[in-house]
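Going by the order they are written in, the chains are A, B, C and D; count residues from 1 in each one.
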Amino acid sequence: YRPQIVLRPSNSFPSDTSSKAVTCLSASLSIISPLMAEFVSVFVTLFVFNHLDTELAVMHTASLNRSSILALTHAVCFAVFASAFKTVHLSPAVTLTHLLTGSTSQLFCLLIVPTQFLAGFLAVIANVNLRSASSLPPPPSLKHDLSIPWTNAAYQLIISQMIGSFLICSSHVSSFGVRREDDNHNGFILSRFRISALLNPAVPLFLATAIASFLSLIQSSVPCCPLQAFSLCAYRFVDNFADHSFTSHHIYWIGPIVGSLLACAICKFLLSPKYFMDRN
Amino acid sequence: YRPQIVLRPSNSFPSDTSSKAVTCLSASLSIISPLMAEFVSVFVTLFVFNHLDTELAVMHTASLNRSSILALTHAVCFAVFASAFKTVHLSPAVTLTHLLTGSTSQLFCLLIVPTQFLAGFLAVIANVNLRSASSLPPPPSLKHDLSIPWTNAAYQLIISQMIGSFLICSSHVSSFGVRREDDNHNGFILSRFRISALLNPAVPLFLATAIASFLSLIQSSVPCCPLQAFSLCAYRFVDNFADHSFTSHHIYWIGPIVGSLLACAICKFLLSPKYFMDRN
Amino acid sequence: YRPQIVLRPSNSFPSDTSSKAVTCLSASLSIISPLMAEFVSVFVTLFVFNHLDTELAVMHTASLNRSSILALTHAVCFAVFASAFKTVHLSPAVTLTHLLTGSTSQLFCLLIVPTQFLAGFLAVIANVNLRSASSLPPPPSLKHDLSIPWTNAAYQLIISQMIGSFLICSSHVSSFGVRREDDNHNGFILSRFRISALLNPAVPLFLATAIASFLSLIQSSVPCCPLQAFSLCAYRFVDNFADHSFTSHHIYWIGPIVGSLLACAICKFLLSPKYFMDRN
Amino acid sequence: YRPQIVLRPSNSFPSDTSSKAVTCLSASLSIISPLMAEFVSVFVTLFVFNHLDTELAVMHTASLNRSSILALTHAVCFAVFASAFKTVHLSPAVTLTHLLTGSTSQLFCLLIVPTQFLAGFLAVIANVNLRSASSLPPPPSLKHDLSIPWTNAAYQLIISQMIGSFLICSSHVSSFGVRREDDNHNGFILSRFRISALLNPAVPLFLATAIASFLSLIQSSVPCCPLQAFSLCAYRFVDNFADHSFTSHHIYWIGPIVGSLLACAICKFLLSPKYFMDRN
C-alpha cells in the first residue's frame, strides 16, 4: 500500500568510520525529521485556519458557493486523471517537484511542460468557441476590496498559492514513485525517460488540491495552477497584441513555484531518512 | 491494490527482427503515452474549469443546490453498487466501453443493455405510482436562457456529457478488470460470459460520476446517463402515443457514446503499453 | 484488499452427478447474478434520482442544509466507528442482516440489540440534560404538506427508508467478514460468539449511510435508523405514561427491516455464487 | 492493509493455570469488547445527532456555511499532513493518546508538544502580519445566545470537544502503529525515540476531524484543537500583559484532554483483546 521505494545498491563494504557517521546522522535525522514535520504541519494548519477565518468574514454566500464548486471540480479532475492515467502532473509546479526529487527524468520534464502549456491554450480556445457570445475571456484578476491596496492583495494571493502548492507537491512526493518493474528495465531509452506513477490512492491529492484551489479562488479568479492564468493571458495577447494581460502576470507564478521548492526541500532533506535518503 | 492484469502467454521465441521492432515501438509508446495523458488531462481539466466558471456566473443558488445534491446522489449510488456488487455498469455508455476494451464478453453486453432499459422504465413507473398526484413525469429538458438559441444549448449539453462520460469510462477502464481466478476457469460457458469486476476502491468512480452528473444537470434536467432521459420519454410515449418526447431525444445519447468511444481509444491505444497492450 | 472469505472444506470426492449439477448451477448463476445485480442497481439508482428530483422541488434551502448536515454527521459517525472498532452494527436492521447471512452468531446478535436500545435511550437522556431548558424532546414526526394525506407521507417514508436500509446492509455484506484467524480459533465459547469485522475501507458504508439518512431526513425528523425514533418515544413514554408517541411508531421500523431482508435475499441468494455460496 | 501490529515474543512455556486463566479472560473479553464498542458507538452517534438537531435549529445559514468550510479545511490539513509526513499528531490531545497507549516514546512526546506550541504561536504572528490592518486577533470566544447563561455554553463546548477529541483519538489508535522495520532496529537511540506512523488510509481521520471541528465551531470560534485557542491568547498576552485572554482559558483544554483519556481507556482496555492486548 505504501510506495515501493527503489533502493540503489549501496557499496557493500563501507569503511567503519563512514558507517558510524552515517548511523549517527541517521539517528539524529530520525529525531529531527518528525519534529520538523510536526512543526510544518501545525504551522500550516493554523495559518490556513486563521487566514480563512479572516477571509470568510467578508465573503458573500454566492461567491463562497462558486469558489467551493470550482475548487472541488478542479480537485476532482486532478484526482480522477491521476487515478486513471497514473503519470499525470497537471501543473508546471508539480513537474518542478518531480524534476528536483529525481522521480521523473529531466528529458521527460522538458517535454511535459510544453505539453501542459499547449493543452491549456487549446482549452481556452475551445471554451471561447463553445460560449454563445464569442467574447474575449476575462483576464485573471485579484478579488480585493478597495479598502486594501493592490500590492497587499497580490501578496495575500502569493502566500495562499505558496501554501496550496506546498500541499499539492507534498502529496505528490508521498503518493508517486517509480514502479519497481520500470526500474529493472535496462533499455537505454527507458532509463532516460523514467517517469513516476501514482502508487497510492488519490484521496490525499484530492484533498490537497481542493484546499489549494479554494485558497487561491477566494483571492483571485484562478485556481492554484499557473496554467489557467497563463492561458487566459496568452489568448488575449494573441487576439490583440496591445493587450496588457501579461502585466503583473508573475504574481500567479511565484506562489506555486516557491511552494514546490519548499515541498522538495522539506520532503527530501528534512524528513525521515528511512524513507527519503535512498531516493537521491 | 492495482488491478491484476491478465497476461496472455506471448510466443516464447520471437524472431529477432520482430522483437526489436516491438521494443522500439514499446519505447516510443512509453514516451508518447505519458505526454498524451498529460495533454488530455490538462485540456479537460482547464476546459471544465472555464466552462463551469462561465455557467456558474448565471445560476441561482437554489438551482445550484439542487443540481449538486442530485449529482452527489447519483454518484453515491454508482459507487455503492459498484462496491457492493462489483460487476455493475449502470449506463449503456459504460457497457460500450467494456465491450470495446474486451473486458466483458459480447454476449454479456447484449444481455446487460436490455436489463438496464427495463430497470430504468420500471423505476419511472414506480416513481409515478409513489407520487401523491399521479401526474405524468416531465419530459427531459434543456436548461437554457431565452437569450441563447436552442441548438447552442443542445451543443453545450452534448459537449458536457461527452466530457463527463469520458471521465466515467476512464475510471471504469482503470478500476475494473477480469479477476485472475475467473480467467483460469476453463468452462466453455464461463469463457463466453466473462465479466469484469471492480478491483480497486470506488473513490475515483465516485468523483468522476459526481462531476459528470453535475456538468449534465446544470445544462439539463437529467444526469450523465441516457437511461434517465430514455425512461421518461418511454413512459410518456406508452401513456400517450401522440406524445412528442422522443423528438430530439438523440441529444441525450450523442455525448455519452462519443465520450465512451474516446475513453476506449485513449486508454486502449494511446496509453502506456506496459499496462494496456496485454489486454487486447 | 478484498474480504478474506472463509472457505469451508468441501467433501473431497463428490459423486460425478452432483459435481456436474453444481457446475451447471454455478454456470447459470454466474450469468444470472450479474444481470440481477445490474437490474437492482439501475432500478434503485433511477428510482432515488426521480424521487429526490420530485422532493427537492418543494424544499426550502434552510431545511435542505439542515438535512444534509445531519445526514453527513450520521454517516461520519457510522464510518468512523466502523473503522475504529471494526465490529459495530449501529442499527438493529444491520444486526438482522448479519444474523441472516450468518456472519455473526445468534447469541451475539441477541446481546447486541438490547445494547443498542440501552445506548440510544441513554443518549436521549444525556441530551435532555445538556440542553439549557429541560423541556421534553419532540416526538419523531413526518414532514408533510397539508396537501397530501398522512398515509401517503408515511408510505413515502417507508419506501425511502427501505431503499436506504438496503444500501447500508448491502455495504455491510460486501465490507464485513469473519477474519480468518478468528475462524481457526477452536474454543467452544469463541465459536459461539463469532462476530464479523470490517475488512475493507469504510468509504462505501459512509456513502450508503449518507444517502440513506438524507432520504429519511427529507421525509421525517429521524435518520435511517429506528433507534432514534424509538429512543425519543421511549423517553416521552417514561416521562408521561399517557403520552401517545408510540402510536404509529411502526412506520419507522417497517422500512429498515424490509430493506435489510431484501439486502440479505439479493446478496445471499442471487449474487455471484463464486463470492457468496461458500458463506452459508 | 490493516496495521501491522508488533507482537512481543510471549514466554513459550506458560504454566497450565495461567494459560487457562488467560484463555478465560480472553474469551470473556472477546464477548464484552464488541458489546462495549457497540454501546459507545450508538451512544455517541445518537448523542451527536440529537445535539446537532437542537443546535442547527437556531443557526443562521451564513454562520453554518462558515463553520462547515472552516471545519472541512481543518480536517483536510490533518489528513493531508498525516498522509504526507506519516508521523504528525497536530494536537497535544493526540500526543497524549500516543503517549498513554505507548505507541510513541515518552521522550519524543516531550519534544513534540513544545514544537506544537511554538508552531501555533508563530502561525498567529504570521497571520497578523499578513492581514492588511495590523489589528490584534480576536480572543477565542463562545457563541452563545444571551438567553442561556455563560456556564451552560461553556459546558456545551466542553462536552462537544470531548466527543470530538474521542473520535479523533480513536481514529489515531486504529490507524497509527509502529512499523515493523522500525521495531527490529536495535539502536539504543532509536528505541528511545520510537514514533508511530500512519499505516492505513487517512479517510477515517479526515471524517473524525471534520465532525469534531464542526461540533466545536458551532459552539465557539476555535476548532477542536486547543493550540488555536492557546496561540490567540498567548499573542494577546505578549502584546499586552494586562490582557485577560487567559481567564477561563481552561474550557478549551478540558474537552480535548478528557476525550483523549476516554479514547485511550476504551481502545486499550475494553476493546477486543486480539487486536489490543499485544500492544502494551
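Throughout what follows, a contact is a pair of C-beta atoms (placed from the backbone, for glycine too) under 8 Å apart; a residue touches a chain by one contact, two chains touch by 3 or more.
Only a predicted model underlies this, so the values are computations on that prediction, with no experimental measurement involved.
Counted as hops between touching chains, the shortest connection from subunit A to subunit C is 2. Greatest Cα centroid separation from subunit A: this falls to C. Interface of subunit A with subunit D: the two copies contact each other largely through different residue positions, with under half of all numbers used appearing on both sides. In this assembly, the C-alpha centroid of subunit B lies 41 Å from the C-alpha centroid of subunit D. Between subunit A and subunit B, the centres computed from C-alpha atoms are 29 Å apart. Residue positions 1, 61, 201, 203 of subunit C are each in touch with at least two other chains.
Here the chains touching each other pair up as A-B, A-D, B-C, C-D. In the complex of the two chains, the subunit D residues touching subunit C come out as 1, 23, 27, 30-31, 34-35, 37-54, 56-57, 61, 64, 68, 147-149, 152, 155-156, 159, 167, 170-171, 173-175, 201, 203-204, 207-208, 210-211, 214, 267, 271-272, 274-275.
Contact residues on subunit C toward subunit D in their complex (touch as defined above): 1, 61-62, 65-66, 69-70, 73-74, 76-81, 83-90, 108, 111-112, 115-116, 118-120, 122-124, 126-127, 130-132, 137, 181-182, 187, 189-190, 193, 195, 201-203, 206, 221, 223, 227-228, 231.
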